[in-house]
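Think of it as A, B and C in the order they're written, each chain with its own count starting at 1.
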Amino acid sequence: MIPAARPEQPATGVPLRATGMPLHDPAARQRWASLVLGAVLLWPLLAATEFSPWKIFEPRSLHASARFLAGFFPPATEAGFLGNVALGAWQTIAIATSGTVLALFLAVPLALCATANLSISSLGGRMAPLPFAVRQGLRGAMVALRTVPELVWALLLVRVVGLGPTAGVLAIGLTYGGMLGKVYAEILESVDSHAARTLLANGSGRLQAFAHGLLPEAAPELTSYTVYRWECAIRSSVVLGFVGAGGLGQEMDNAVKMLAGGEVMTMLIVFVALVAGADGLSAWLRRVMQ
Amino acid sequence: MPGPTEAAAPAAGLSLDLRAIGLARSVRGGRREILQSVDLIVAPGEQVAIVGASGAGKTSLLQIAAGALQADSGALRLGGESFWQLPPSGRQRVRRALFLAPQVPPLPPRQRVVTAVLAARLPSLGFWRGLSSLLFPLDLGAVQAALEPFGMAGRIFDRVDRLSGGERQRVGLARALVAPARIWLLDEPLAALDPVHGEQVLGLLCAEARRRGVTLIVSLHQAELAQRHFSRLVGLRAGRLAFDQGPDSIREAQWTALYDVPPHHGAAASTGAA
Amino acid sequence: MIAARWPLLLTGIALAIVVAASFWTLDLHLGALLAPASLAAMGRYAAEFLAPDLSPAFLARLAGAALETLAMSVLGTVIAAVLAAALCLPAARFAGRPPARWRVPARLLFNVLRAIPELVWASLLLVAAGLGPMSGTLALALHTAGVFGRLFAEAFENAPQGPAQALRVQGNRESLVLLYATLPQLGPQLLSYVLYRWENNIRAAAILGVVGAGGLGQMLAFHLGLFQNGRAATVIGAMVLLVYGVDLASYAIRRTMVRMH
């Protein structure tokens, strides 16, 4: 946005030297310093990441990559394999769906307890200290669930429940439970709470106040966010497959380890199509629910 | 003779040859003719003023002349070469000899005046010199010498958004003095200037152009200024050529006709460019 | 009234079917998990994590891995920004050049880069770039370039075009047009995109190592594999701290930028 032109001001800035010699740029010193600082910071970055792109072009690794890449075309289309891929794709959808449902079991109670709009003690003004502490504690719990990456949860769970979809479902359930819970609580607090608080003031239970007072207004946003998260869960469950949590991801991991380029290519195509489909479905669902 | 602002002595000015230029745009309810069979032939080093009311098509004509807009019909030749029939690399080559100053000075608000002016010199710098000049401006002397005649030398390190409208316009015009251009196309260069400063700036631009031998084409709606500073005036009325002659031979009736435009054109003009 | 709700009803039924099918086909045995014996086992497993290893030697190695992860996130994000900006250039609009020729392929490229998660990229790049943080950096760079590509392309097209067109009239190459005309107008906005993405990328960088791409992730996988759960717990703690630190830094930089302008 170009700001409105100001009225004519007297000339400011550096006066000309009598000889008319070129002036010195006042910003030059600062820019040199920034440039040097940038270079000084860049060096350890490159060193720490062992950044040596020329290694990719060394004959042996170039040969290996070329062979791997060449294997991508044509993508594998053998019937038995495609059957496995379809199964893997369905498993991915199933993991995402079950994980999200589990997350709901965690998120809904947490959100209901944590949201300030269902607080009875705050009806008369400020919330009492104990309920406040409890709510903050629940918020903290949800943040804790979110902060540990779901891949880490999956890694741990795989060692407890074994390889396979269960670990993925639980990992998604835990992390998404935290995410959904936090956002649900926030949505519930952002809606107009007048109806709910009136109900509470008149002695109705919290669940009723929620169902009749908050839910009608918040429902569109709540469902919209949930559907969006389900779509993210599909992507997550593929990633989790790489640590053994089943689905398309696990198949892809196996294929890459065997350098089976054609199979990897097919699975990538299926994965991209799956994500695009989920994206389209989620957009449609959100429109229908409005 | 090359002055302190010029990167190198430019060859003689570029010639411009526009024939049967037509331009139309779809608007609600049909097509609006912005330009219709306009011819304009300008010799190297010649100075021409394009006059007309707003909405007459002056800006579009200049943009077509600069290769910034492709006309729907007609031909454009710059320096004798048929512009749109050149390969993309040829077009880029010819473009480096052009300079177009749009009505609104093309200066990024947060940029400093020195960088904004130096940007006009980029066609003659390679990528690496251009990149380094962004951080550490080359040739401050040339920038200063370009801003000096416009009275803006003291603001060389100020940010563009600290300048007034008139100051920005002057900086925009000072860019011409550092550009390696052989033809200057200036669209309403005095729009934000008061009459006194405007006349000064116009005189300055004409003198500089003559000294360097660059072709100069200026669009103006101030008829008296055009008559005083240019020996050839091209009148545009509702997208058509009204006259193309010396100022003394233009009759009063022609001037009145120029600014007396039919209603629908005037109305449409308020929604589009001149 | 029912008629108006048909789509909703049908959707609800379809959803219920999908949910039921999901649980059923996965054969999850969730009930078995809640059996006392397995709960006890889980409890014991969890308890091992409550004894984190805090010895100086280990912490020193942890710091090294954390720096490696941080470096991966920074370098990957920066490379992505430059790559995305460069890939946006051919699609710029100007007289006589059909923008559609490059727009569609560029958009396709960005979508493909974005669609494939960082971890998948990392496992593919291990073949070309070997084990270690370089694969992780490149994986982040490729995926993030796809994200930036879409954002940048939109930002470039929506920026005021006056200064850019003036430079294009003079026959300048697109890279210089970007540097002199577009970036000065969009700088702060693009920087805030980059900083937001850095917050995401530090999380990604932390776990990429699990497939062998270096950093804290590789340490975590290593110690979990050796059943050294105390050390694994420390690594997880370091991940959380690192993510928190980057979130703070990104927020602070964005705040300073807002105050400066």
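One rule holds in what follows: a residue touches a chain if its C-beta (ideal position, glycine included) is under 8 Å from a C-beta of that chain, and two chains touch if they have at least 3 such contacts.
Everything numeric here is computed off the predicted structure, so don't read it as measured data.
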What's the chain with its C-alpha centre farthest out from subunit B? A
Looking only at C-beta pairs that count as contacts, which pair of chains has more of them, A-C or A-B? A-C
Counting in whole Å, what is the centre-to-centre distance of subunit B and subunit C, each centre being its mean C-alpha position? 47
The distance between the C-alpha centres of subunit A and subunit C, rounded to whole Å, is 9
Taking the mean of the CA coordinates per chain, how far is subunit A from subunit B in Å? 51
Multi-partner residues of subunit A (each touching 2 or more other chains): 2
Check each residue of subunit C and list the ones that touch at least two other chains. none
Indicate the residues of subunit B shared as contacts by at least two other chains. 109
List the residues on subunit C that touch subunit A in their complex, please. 7-8, 11, 18-19, 21-23, 25-26, 28-30, 33, 41-42, 45, 67-68, 70-72, 74-75, 112, 115-117, 119-120, 123-124, 126-130, 132-134, 136-137, 160, 203, 206-207, 210-211, 214, 217, 220-221, 224, 236, 239-240, 243-244
Mind pulling up the subunit B residues that touch subunit A in the complex? 109, 112, 114, 135-137, 139-141, 144, 151-158, 161-168, 192
With touch defined as at the start, can you tell me which subunit C residues reach subunit B in the complex? 94-97, 162-163, 165-173, 175-176, 179-181, 184-185, 187, 261
Touching residues (chain side subunit A, partner subunit C) in the complex: 2, 44-46, 48-53, 55-56, 61, 64-65, 68, 90-91, 93-95, 97-98, 101, 147-149, 151-152, 155-156, 159-161, 165-166, 169, 235, 238-239, 242-243, 249, 252-253, 256, 259, 264, 268, 271-272, 275-276, 285, 288-289
In the complex with subunit B, residue positions of subunit A that touch it: 1-3, 5-9, 11-16, 20-28, 31-32, 35
